[in-house]
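One structure follows; several queries about it will come next.
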Amino acid sequence: MTDILGFDMPSPARAEPPVRPEYERPLEPLARSAAQAPLPLHRRLWQFAWLRKGLILIALALLWEILARWQGNDLLLPSFSQTLRAFFQDISSGIIPERTINSLNVLLKGYAAGVVLAFVLTTLAVSTQIGRDLLSTLTSMLNPLPPIALLPLALLWFGLGPNSLIFVLVHSVLWPLALNMYTGFTGVPETLRMAGRNYGLRGLRYVLLILVPAALPSIIAGLKIGWAFAWRTLIAAELVFGASSGKGGLGWYIFQNRNELYTDRVFAGLIMVILLGLLVENVLFRQLEKRTVIRWGTSR
Amino acid sequence: MTDILGFDMPSPARAEPPVRPEYERPLEPLARSAAQAPLPLHRRLWQFAWLRKGLILIALALLWEILARWQGNDLLLPSFSQTLRAFFQDISSGIIPERTINSLNVLLKGYAAGVVLAFVLTTLAVSTQIGRDLLSTLTSMLNPLPPIALLPLALLWFGLGPNSLIFVLVHSVLWPLALNMYTGFTGVPETLRMAGRNYGLRGLRYVLLILVPAALPSIIAGLKIGWAFAWRTLIAAELVFGASSGKGGLGWYIFQNRNELYTDRVFAGLIMVILLGLLVENVLFRQLEKRTVIRWGTSR
Amino acid sequence: SPGQAAAEGRIRLAQQFGIAYLVLDVVRDQHLIEKHGKDAGIDITVEWAQISGATAMNEALLANNLDVVSAGVPPALTMWDRTRGKQDVKLVAALGSLPNYLITTNPDIHTLKDFGPNDRIAVPAAGVGFQSRTLQIEAAKLFGPDEFQKLDAISISLPHPDATAALISGGTEVNSHFSSAPFYYQALAGNQAVHKVISSYDILGGPATFNVLYSTSAFHDENPKTYAAFYAALAEAADWINANKAEAAEVFIRQQNSKLPLELVQQIIDDPENHFTIVPQNTFAYASELAKLGVLKNKASSWQDYFFPEAYGGAGGS
Amino acid sequence: MDGMTLSEASTRGAAAVGARGDRTALPPPLLCVDGVTLEYRAPGRVVRATQNVSFDIWEADRFILLGASGCGKSTLLKAVGGFVTPREGRILLEGKPVRGPGPDRVAVFQEFDQLPPWKTVRENVAFPLRISGRLGRKEASERAAHYLEKVGLTRFADAYPHTLSGGMKQRVAIARALAMEPRVLLMDEPFAALDALTRRRMQEELLALWEDVRFTLLFVTHSIEEALIVGNRIALLSPHPGRMRAEINSHAWGLHSGGSPDFQAAANRIHSLLFEDGDAHDGKDRQ
Amino acid sequence: MDGMTLSEASTRGAAAVGARGDRTALPPPLLCVDGVTLEYRAPGRVVRATQNVSFDIWEADRFILLGASGCGKSTLLKAVGGFVTPREGRILLEGKPVRGPGPDRVAVFQEFDQLPPWKTVRENVAFPLRISGRLGRKEASERAAHYLEKVGLTRFADAYPHTLSGGMKQRVAIARALAMEPRVLLMDEPFAALDALTRRRMQEELLALWEDVRFTLLFVTHSIEEALIVGNRIALLSPHPGRMRAEINSHAWGLHSGGSPDFQAAANRIHSLLFEDGDAHDGKDRQ
């Protein structure tokens, strides 16, 4: 580069830009937006999220199959194909759908209750100092407690059956969601808060109309975590108690088959949980994100 | 108000502001900062977080005591004072400290491994499209799976003993933390990203020096959730795995006493978990927040 | 790593929690395996683990993390059934015959037929597991083979301690419990209203093995000396218990770190209903009933089908 | 202070003016900023933004705050808006102390992130109209369209804020504030991100609207020319921490007095008042 | 394009100038923006920011971009910075296409949130110096102190960005960029949030530094006067979407030519070029 710079130029130490003639131009008419250069096929295909995710799923299934065959211990790790067979058998026999519906029924109630409580608690926490202390104290105290520790209390207060399950579900959903919601609320930029309060908003309306949308990315992450932990807890809780055997859910289905060493059925039950997880993530949460935080530019 | 406005004023419809004389003033010398008006004692006390939280704790303890006495059912819900007695007994006999150390030992390893893995996974996710899909797919698939479902695999791969526990701990910490971390990363404002890339940062250094501090509020929330769920999982797993080579943890302590119907000791074990939770929240996480996000103004 | 045989001279065992595993406590306390190993000329390292629940036991055995595990008869038979032609799990020895009591606080219940739709029977695992299977056998007798699951509808899964606490203190919907020692002792002592409805001995027609030890054929075949030393240790421990009941109670307290009162433990060991023997009793009732119910795919022709030959030697066995 | 009645307050306001300017027949001021010291306190650090600042604003005033960067103009505006509580002194609106924010004092902030990103440009303008209960959905939308046209953003009505340029965001904020037609309008350098022509247009629109509605305006700017054009009275603040330096009348100048020598003289006078003396200097530290 | 050699690029640059200005003895330009069209694409919506914009910048140029609000100045600057990829056309730096951001082109952005909030003012300035491996901890800190003094923020060196006023934040960003002493300095309305005096001081500092170091400057401003003072060449963009309107020399004017009639005439000329014709209007929609 130096030789080129050297040519006909002032010394680089005190470079002087050349003086060029001025010009004016008539305004160019507006052109149509350039057609995007067509991408090569494989890159175009790559843009479909479902395709990429499908490939990942296939890869995972293959990995499972290979791992299982290599281990050759199908009482501990059945192969993917065995599991799939068991899955379709129990789907067509109606047993998995029935158990799933039983579980979902309880799960959704517990989830909804947890979400509502988390909202109440965080609203309190953003409005008052004592609410803030209460949230932080309760969360740090109760969140680490395993649901089975609450079992005797649940039994005492809510009796057998779904109510106790809902109680432990709330315990699983409430704290992580409240933590995330509160973190989201405290991260709302000051200017946006001031704008909201300038509209005359206060109390619940302020939280609902300003803080919640502004904190939505965190809240969605909290909802996802809550959803997952609700499943974990429900399945574990159905194993331990509450399932009067007539109306068991998926957890019960898994437990029973595990007891009888039908490991392929155990994994079939887990597949159902996995499928529901994928569905909720890719349909529900993904759509929610697309329509909100991504559209608003608050999350990439 | 109207009568005052009416006085000597142009009609309100075309209000004309009065013309006042101009003035100039010599510049006032700088005064010392006003001593803050001393607050009344009770308000000053109220400013100590430990005092407020202490009051909350006392209130909760009282509530517990009252509830327990009212239920009068100390096999299901021992009173706070009974629990405290059992707690101090087993503290002074050294059994709770020993079990706690055993548990903490495993917990910290699992927690650390989970944090590292979450970091790797999210770093991948912010750098590549396929990493993003992988994270979203794995999280939505695996996060809802209960740890007991992974137990057979853990046994197969890691054998009986702490390694399997660490495996299920990782499963509990990894996904929620990764979700929160990723949410934090995607929420970093575009201008800040551009500033970071303008420094010539890329890859790991970009993530560590720009994204991590910018996403810290979310990450801290994720760490809190991970901490809590690590405890939940550890205790539940210890119930099943019990003690190998004589080294049971708190979960085993709880299980043993539960089996012998020493409900007060069960609650003493839970109190230990609660105390650790409070400690970690109020000392570790609180200090971390004070020194980072609160000081930086990125969280209130 | 999986499938690889453990070298002779090591045995990894797991027991569950409770008085029913007293034989193992004694073996451990007196280092009997090591002693018999030395007699046979080998040094045996014994690794003890405590695991709760049959499923975790089974999984640890299948993952080759343990050589010998212990659980109730039905789960052991299920393992035998499922691993035929693979790991070939078989039973090693019984750990004793102890009854399970179906107890209730409902004064109107005296037989199984008295249970109404509002009663709740707590069992550790509703529908499966020792207690439920035993109930099913009796239900099949009482209400006919098709109605064997009749009582499952009012069974609920609840761990023994929680069920016991619920029964003693009342105040919950759980009013009945198919309970094992020491829980039914505690329940009967803790609440006047608690009374026995039926015992597993009544259902099975006499003393019946409660828990058994089981292992894989690979371990059995590749470690003949270790296995022999182990079996001998079990036999010695059972004999010792019957000769030294008072000391046995102390061993239990010591080994399990138990805080149960010594008198209670002693009372349980002294109870003539409880036999600490390694000879299987009435296990075949389960094998045949469970095969009838379709839980077991393989029909055993006698109890010796699912026991390792070492167990055949003792007196009786069924 | 809390218990002060309206008449006491107005007496005080008039008295204050009297002391300063020897006039008496004035009506009570609409907004009275009285000895206000504003401080930011963080543990171990107190930053004083303004010290003992007093001024009165009458109904329909177009009151300008001028001062160096960092002298506390924004903080003062926020205090009037009710977002910041004075450490000392008081702020009275119609004789009643300001207790918090409200839709009677609408603010245009200096920052670009004052638009809720989850609302389109149109919704951003219409939203406060609706939730303050003033207008129905349809009227609010119409009024929003009207003011968006005034700030030249009709084509971007359905865009989300994150797709706008800096100047466009500020124009949305201006439209939002104007559409609220508040009693008191607080504007913090609203035109700083605008090019010369757009800025001029915005000034025209603002003054035209003032002619119509006669709201009261408190306006922060960095440009002395803009202060003279937009305002009828200008308060000059010293550099950090802001203290009152002078109050100057500028009702004589309007949109078209740009180049006149009088105008230039006034601008020069303000310039020297602002920058030529003062004990503390923020533009260049003297330490 | 990827494979183009340096000499090809420089030939092209010279040829372009030749075509425009009939001069030949020019060295190759440092930065060559060639027919650049910039677009933001969101599903269902394409916003064109600039259309077919071309200009060349030589070493040590102080090149100004002037245009209406929303005409794509910031986007153009980001494209040169490597943050935005052109939809059409190309951007060459020393003949090589710009592939991404780098510390050779340091930018001062228009937004106030460009300072990492977890670093104090001093650290904010020193941090990029250290991580680009140019200076050690101590030297970086010293250089930071030096530039902070130049922007008048020595007293706030240990403050965190969220405790600064808007203008102070921008000054930190300016200090950070200057301290980097980059080859090319990209500034997007850096002085918009500053009062008259501070602005003037900053202009002086910038030009003094340029005298010293002779970096190349690409500068976006809204003020025609500032353009004439700071720049030696001014590109005028049409309103949204930005297209080239003219390039004008302004090397004749400097810090002290403020009031002269020539200066006024040039300013007026620019004003009319910018605003008096053009098919699209963003300042006021014509729909």
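Chains here go by letter, A, B, C, D and E, matching the order in which they are written, and residues are numbered from 1 within each.
Please note the rule applied: a contact is a pair of C-beta atoms (placed from the backbone, for glycine too) under 8 Å apart; a residue touches a chain by one contact, two chains touch by 3 or more.
Remember, it's a predicted structure, so these values are computed and weren't measured experimentally.
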item	value
Shared interface partners, meaning chains that touch chain D and chain E	A, B
Touching both chain A and chain D (chains)	B, E
Chain whose mean Cα position lies farthest from chain E	C
Centre-to-centre distance between chain E and chain B (centres being mean Cα positions), rounded to whole Å	44
Whole-Å gap separating chain C and chain E, where each centre is the average of the chain's CA atoms	82
Chain C and chain D: spacing of chain centres that average the CA atoms, whole Å	83
Euclidean distance of C-alpha centroids - chain A vs chain E, Å	41
Shared interface positions of chain D, touching two or more other chains	111, 113, 163
Interface hub residues of chain B, defined as touching at least two other chains	71, 73, 76, 152, 155-156, 239, 263, 298
Chain C, residues touching no fewer than two other chains	2, 59, 62-63, 159, 162, 165-166, 171-172
Listing of all chain pairs that touch each other, if any do	A-B, A-C, A-D, A-E, B-C, B-D, B-E, D-E
Chain C contact footprint on chain A (complex, rising order)	71-73, 75-76, 151-152, 155-156, 159-160, 239-246, 255-256, 258-261
Residue numbers on chain E that touch chain D, as the complex places them	40, 42, 45, 47, 66-70, 72, 74-75, 110-113, 149, 152-155, 159, 163-168, 171, 189, 192-199, 201, 222-224, 271, 274-275, 281-285, 287
List of chain D residues in touch with chain B within their complex	6, 10, 17, 20-23, 25-28, 37, 39, 46, 48, 51-52, 58-62, 87-88, 94, 214, 232-233, 238, 241, 243-249, 251, 273, 277-280
Parts of chain B lying in touch with chain E, wherever the complex brings them together	189, 191-192, 194-201, 205, 209-210, 213-214, 216, 292, 295-298
Chain B-facing residues of chain E, complex	78, 81, 83, 100-103, 105-107, 109, 111, 113-118, 127-128, 131-132, 160-163
